Amino acid sequence: MAPHRSDLWEREDTPPETTPAAPPVPPAPAADAVVLPAIKDAVASGVITGLLLLPLVGFRATESGSGPLTLTYRFGLVAVFALLVAGLRLVLNLTLWRPGRKIRDNRSAGLAALSAKVAPAARPAFFALALLYPLLAVTLSGGLSPSRYWVDLGIYILTYVMLGWGLNIVVGLAGLLDLGYVAFYAVGAYTFALLSTSVPLNAFFDAHVAEGFWASWSFFVCLPMAGILAALWGVILGFPVLRLRGDYLAIVTLAFGEIIRLVLINWVSLTNGGAGISSVPAITFFGVPFNGNDDGFAARFGLDYDSMHRMIFLYFIILGLAALTALVTIRLRKMPVGRAWEALREDEIACRSLGINTTLTKLTAFATGAMFGGFAGAFFAVRVRFVSPESFTFMESAVILAIVVLGGMGSQMGVAAAAILLIGGMEMLRNLSFLKASFLFGPDFDPSLYRMLIFGFAMVAVMVWRPRGLVANRMPTIFLKQRKAVSGALVKEGHG
Amino acid sequence: MDIFLQQLINGLTLGSIYGLIAIGYTMVFGIIGMVNFAHGDVFMVSAFIALICVLLLTTVVGISSIFLVLAITLVVAMAFTGLVSWAIERLAYRPLRGSFRLAPMISAIGMSIFLSNFVQVAQGPRNKPLPPMVPDVIVLMERDGYQVTLAYKQILIMAVTAGLLFGFWWLVQKTPLGRAQRACEQDRKMAALLGINVDRTISLTFVIGAALAAVAGVLYLMYYGVVNFADGFVPGVKAFTAAVLGGIGSLPGAVLGGLLIGLIETFWSAYFSIEYKDVAAFSILVVVLIFMPQGLLGRPEVEKV
Amino acid sequence: MAAASFTPKVPKSWDRDPLLKVDHLSMRFGGLVAVGDVSFRAGRGEVTAVIGPNGAGKTTVFNCITGFYKPSTGRLALMQGGPATMAELDALTAGGRAWAKTAAGATYLLERLPDHKVSSRAKVARTFQNIRLFSGMTVLENLLVAQHMSLTQAGLINPVALLNLPSWRRKQKAALELALYWLDKIGLTARADDPAGDLPYGDQRRLEIARAMCTQPVLLCLDEPAAGLNPRESHELNTLLRAIRTEHQTSILLIEHDMSVVMEISDHVVVLEYGRKIADGAPGDVRNDPKVIASYLGVEDEAEAVAVTGVPA
C-alpha cells in the first residue's frame, strides 16, 4: 500500500463537489429547473434530519426518582430542527449553491495573497502582542484584580500554543501521527508534582540547604527534569512503535496515552489515584514567594501585595517556555536533524537511501516533542497546583492534535492562530449564559453542556472547510536567491 | 475449573459484542483506509436508540413478549443507526475523501466528540437503567455453593452473533454488493472505471458496519441493562484492538480478535486485577501491533521500493 | 554456472578490479524465486548495466544491493579502495561482522548492513524507478538532506549546530557549496528555490541523481534513469553519467531498458532473464549473444529456447 501516492492521484481525479455544475450549463437556468430540485432537496434533507433526530431528540428516557425510566416526548423540537435544516438548504440552493452560479476562485487566491503579505509580520506581531498582553489586560479591564480572568485565559491559551508547537515537531515536521501526546504532558506534570511534594526530598533540603528551600525552588529544578523524563518516556514508548506506519502508529500512541492514564489512576500508592495530588507548591519569583509577608515578592519590590503578581509571573513563564519551543524548533529545522524530519515526512524510503537512520530520526522527533510536552506539564502542575488523571484524557490529545492540524501542519503561526481560535473559542462558549434569557431558552437551559457539542461539530466543519489547515504553505529552511513558499499541495503529510 | 468455565462463558459473550463492533472498523478501514474513530460512539448511539425503542414498546405499545420486543428493537436500531452512520459519512468524511490523510481522522474525532455530547445533551448525563431482560439462567454445574451459569441472554448473544456473521459473510462473498466492496478495497479508481458506484458502495459499507454495531448495541443493552453517553469510547477502542489483533481488513479476523479480547479481559479481571483490565487490553494492542502488525489473519504488508 | 562459458581466457577489467562482487545471490518471496543464483562483478570506475525483460529480477537485485531487501542467500561484497584478496573476503564472510579493513581499503558485506548504512558506510547511493524526491522541499533542500551524514558526524542534535557556532557554519558552507556544484552540473541553479515537485520530469530525474551524488558515493545505482525521457533529455543524462564516471571516481551500476543508453555508456553488460543471468560481457559481445537475442526477440519453440540458452525457462 502506498497511500500518499494514491492520494495524489485522487486529488487530480476527484473534482471538487462544485464542478458538476460547471460544464456547459446555460448561464441562467430556467427558474423551475432550479426551484423544483431545490424544493425537493429541501424536503428530502428535512425528512432525513427529522428521522435522524426522531429517536434521541423526539423521545427522552427520563429518570423519575428511583422508579423505572419513563418516556417524554419532544416532537415539536424535532419538527423545528427539520424545518430549520430544510429552510436553510432551500435558501442555500437558491443562492450560494445555485447551479450555474459562478464560483469565485479568487477568494482562496486572495486569502493566499493576504497571508503571504501578512506572513513576514505575523511572527513579530504575535510575540509583541504576547509580551504586551498582561499590560493590555490590566489597562483594558481597569486594574489588576479585574484582569484575573483575562490573564488566566492568556496563560491557558499559551499553554496550548506551546503544546501545539511541541506536537507540531512530531506531527507537522516528522509526519508521525501521535494521538497520545497528553501522556508526556502527564509525565511532566506528575514529575513535578511528585518531586515537589516528596516528604524525604523536602526534609533533605530543609536539613542540608535551607528551611523551605525545596518548596520555593522545586519548580525551577524540576522543570528540566520534567522535560528530560518526558523525553525519556518518548524514547521508551517510541522505540518499539516507530516501525509502525500510519494509523497504526496513531492507535498505539493512543493506547499508550490511555495506559499511562489508567496506571496513574490505579497506582494509588504512588499517585494517590483518582483523587490526585494536591498542595503542589506555588511558583516563586526565583525563590521569593508571592505572598503578603515581609519577605514576599510585593514587599521586596515595594509593591502592594496582590495575588495577581503570581499570575502575571506565570504568564511570562509560559510565554518564555513557548518562545523556547518556537525558537528551538526554528533552529532545528535548519539543522540536519530538522531537515531529516521533514525529509522523513516527504519520503521515508528515499531517506534511507541517503543514509539517514530513520529510526533514530523518528526517535529524536518523538523525544523532542515529548520534552516540550513535559515542560508544559510541569508548568500545568505549578499553575493549577493540583494534578489528577482527569486532566490527561484522550480528549486533551485530540484537542492538541486538532490545533496542529487546524493550524496547518508545520506552520508555527498557523498553530498559534489555531490554538487561540480553538481554546479561546471554547472559552467563549463557556459564556453562553445570555442564552438563559427567558425569551430564548429559559433559565433551565445549561449552556455549558453545549460547549463540547459545538466543539466537536466545529472540528468537523473546519476540516471540511480547510482540510489542510489555516496555513497550508511550507516555508523552505534555506534559499539561494528568494524564499518562496512551497504550496501545500506538494507537501506530503507523512505516513508514519 | 468452575471459575474458568464461568469466565469462558462470560468472555465469549463479551467477545461477541466486541467482534460485532470490530467488523465495522475493519470494513471501513479495508475500503477507505481510515480508522473511523466515531464508530464506538455510533455503537453507543445505537444502544440509546434501542433503549428508547424498548421503552416505547414495553410501556407505551405494551408488548409483553420480550422476544418480540427485542426483535423489533433490533430492526429499528439497525435501521436508525445505519441512517446515522450514512449521514456521518456523507457530512464528515465524503467531502474529505482523497484529500489530506489526517483530515478525515480529525473529522472523525470531532464526530466522536459530537455524538457523545449530543447524546448527553439529548438524553442527559446519567446512567439509563432498564429492568432486567431475559433473566433466566441454566445452571451448568454447582460445587461448594459456586454455580456456573449460562444465561439465556448469553446464549442469545452468541447465537445472534453467529447467525449475523454467517449472513454477513454470505453478503460479502456471494452478492454483487460484496463483490463491489472487495473491488473498491483493491483499487477504487479501477472499480469506478469498471462501472461500480464507488460512493454508494462506501456509503453501504458504513451503513452495514453501523447496522452490525447496532446489533452489538442492542445486545449490550440487553446484557448489562444500562447505558451511558460515555459508553462509546472504551468499547470502541477495544473493538478496534480486536480488529487489529485479528488483522485489520479481515472479517473472520475481526471476530476472532473480538473473542480473544473478550476472553483476555474477563480472565484478566478474574485472575489478576479488575482495575488493570483496560490496561491489559491496551497493552495487548501495543504488543500485537509491534510484533505482528498484520494481526492473526491479516496479510503481511510488503514494502514496495 | 551457465554463464561460465562466456568468460574468456583474458581476464576482463571487472574481474581484475571489481568494486562490487555479487556471488550466488538469490531472493525468494514466499515460493516465488525472483532472483536465483546470480553472480556478477561490477568493475571499479566502470559503468555496469543490468538489462533484461520485464520481471527479470533487475530491481530485486538492486534492492538487495542497496539494502532494501535482505537476500535469501548470497554474498554482496563492496570493496572500497581496491579489491580484497580471497583470504580477506573468506575471513570476513566466515566472521559475523559486516565489514573489515583490507590491505587495499575496506570491504563491506552489503547483505549484512541495514539500508541506511549501505549508503552512509559502504557509500552506495541509489535512485528509484518511480522518482522519490522530497517533493515538498526545494531543490536546494533536497541536495542538503543528502549531506545529512557528513553534517551529523557529531551526533543528531549537535550543540555546536544548535548554537550556530563558527565551526558549524563552515561545515554548513561546505555542504552548500557541494550542493551548488551539483546544481550547476545538472543545470538547475536557476530553480534552486523551487519545490522539487514542481520540476519537469527530466529535471526531476537529474535532480535525483545529483541528490544521490551529494552523498559522495563510490557506487551509484540507477534504476532506469532514462525511463520516460525524450531524446534530448536522454542525451543530457548520458553526458551527466559520463561526467560522473570520469570526474568523480564513482562507479555506476544501472538498470536500463533503453538500449541506446546502455550501448552508448556502459563498459559491461549483465543480462538477466527470469531471475537468472544469461549473459555477461562487453556491450558488443552481449549484443550478438544468441541467448540475449532469443530472450529479447523471442524464439518460436520453447524447446529451442532451452537448447539455445541451456536454462529451462
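To keep things simple, chains are lettered A, B and C as they appear, and every chain counts its residues starting from 1.
The working rule: a contact is a pair of C-beta atoms (placed from the backbone, for glycine too) under 8 Å apart; a residue touches a chain by one contact, two chains touch by 3 or more.
In this text the structure is predicted, and so the values were computed from the model without any measurement.
Ranked by C-beta contact pairs, the top interface belongs to chains A-B.
The most central chain, judged by C-alpha centres against the centre of all protein C-alpha atoms, is A. Here the CA centre of subunit A is 29 Å from the CA centre of subunit B. Subunit A and subunit C have Cα centroids separated by 46 Å.
Note on chain placement: the centre of subunit B and the centre of subunit C lie 50 Å apart, centres being C-alpha means. Within subunit C, residues 68, 128 each touch two or more of the remaining chains. Across the assembly, subunit B contributes residues 303, 305 that each touch 2 or more other chains. Residues of subunit A found to touch two or more other chains are 349. Taken in their complex, subunit B has these residues touching subunit A: 29, 33-35, 45, 48-49, 51-53, 55-56, 59-60, 80, 83-84, 87, 91-92, 95-107, 109-115, 117-124, 126, 128-131, 189, 233, 237, 240-241, 244, 273, 275-276, 278-279, 282-283, 285-286, 289-290, 293, 301, 303-305. Of all the residues in subunit A, the ones that touch subunit B in their complex are 1-4, 6-7, 9-11, 13-14, 17, 48, 51-52, 54-57, 59-63, 68-71, 171, 177, 240-241, 243-244, 246-248, 250-252, 254-256, 258-259, 262-263, 265-266, 349, 394-395, 398, 401-402, 405-406, 409, 449-450, 452-453, 455-460, 463-464, 467-468, 493, 495.
Residues of subunit C that touch subunit A in their complex: 66-68, 115-117, 119-120, 125-126, 128, 132-138, 140-141, 144-149, 151-152, 156-158, 161-162, 164, 176, 180, 189, 192-195, 197-198, 211-212, 215. Note for the complex: subunit A touches subunit C at residues 328, 331-332, 335-337, 339-340, 342-343, 345-347, 349-358, 360-361, 364, 368, 474, 476-484, 486-487, 490-492.
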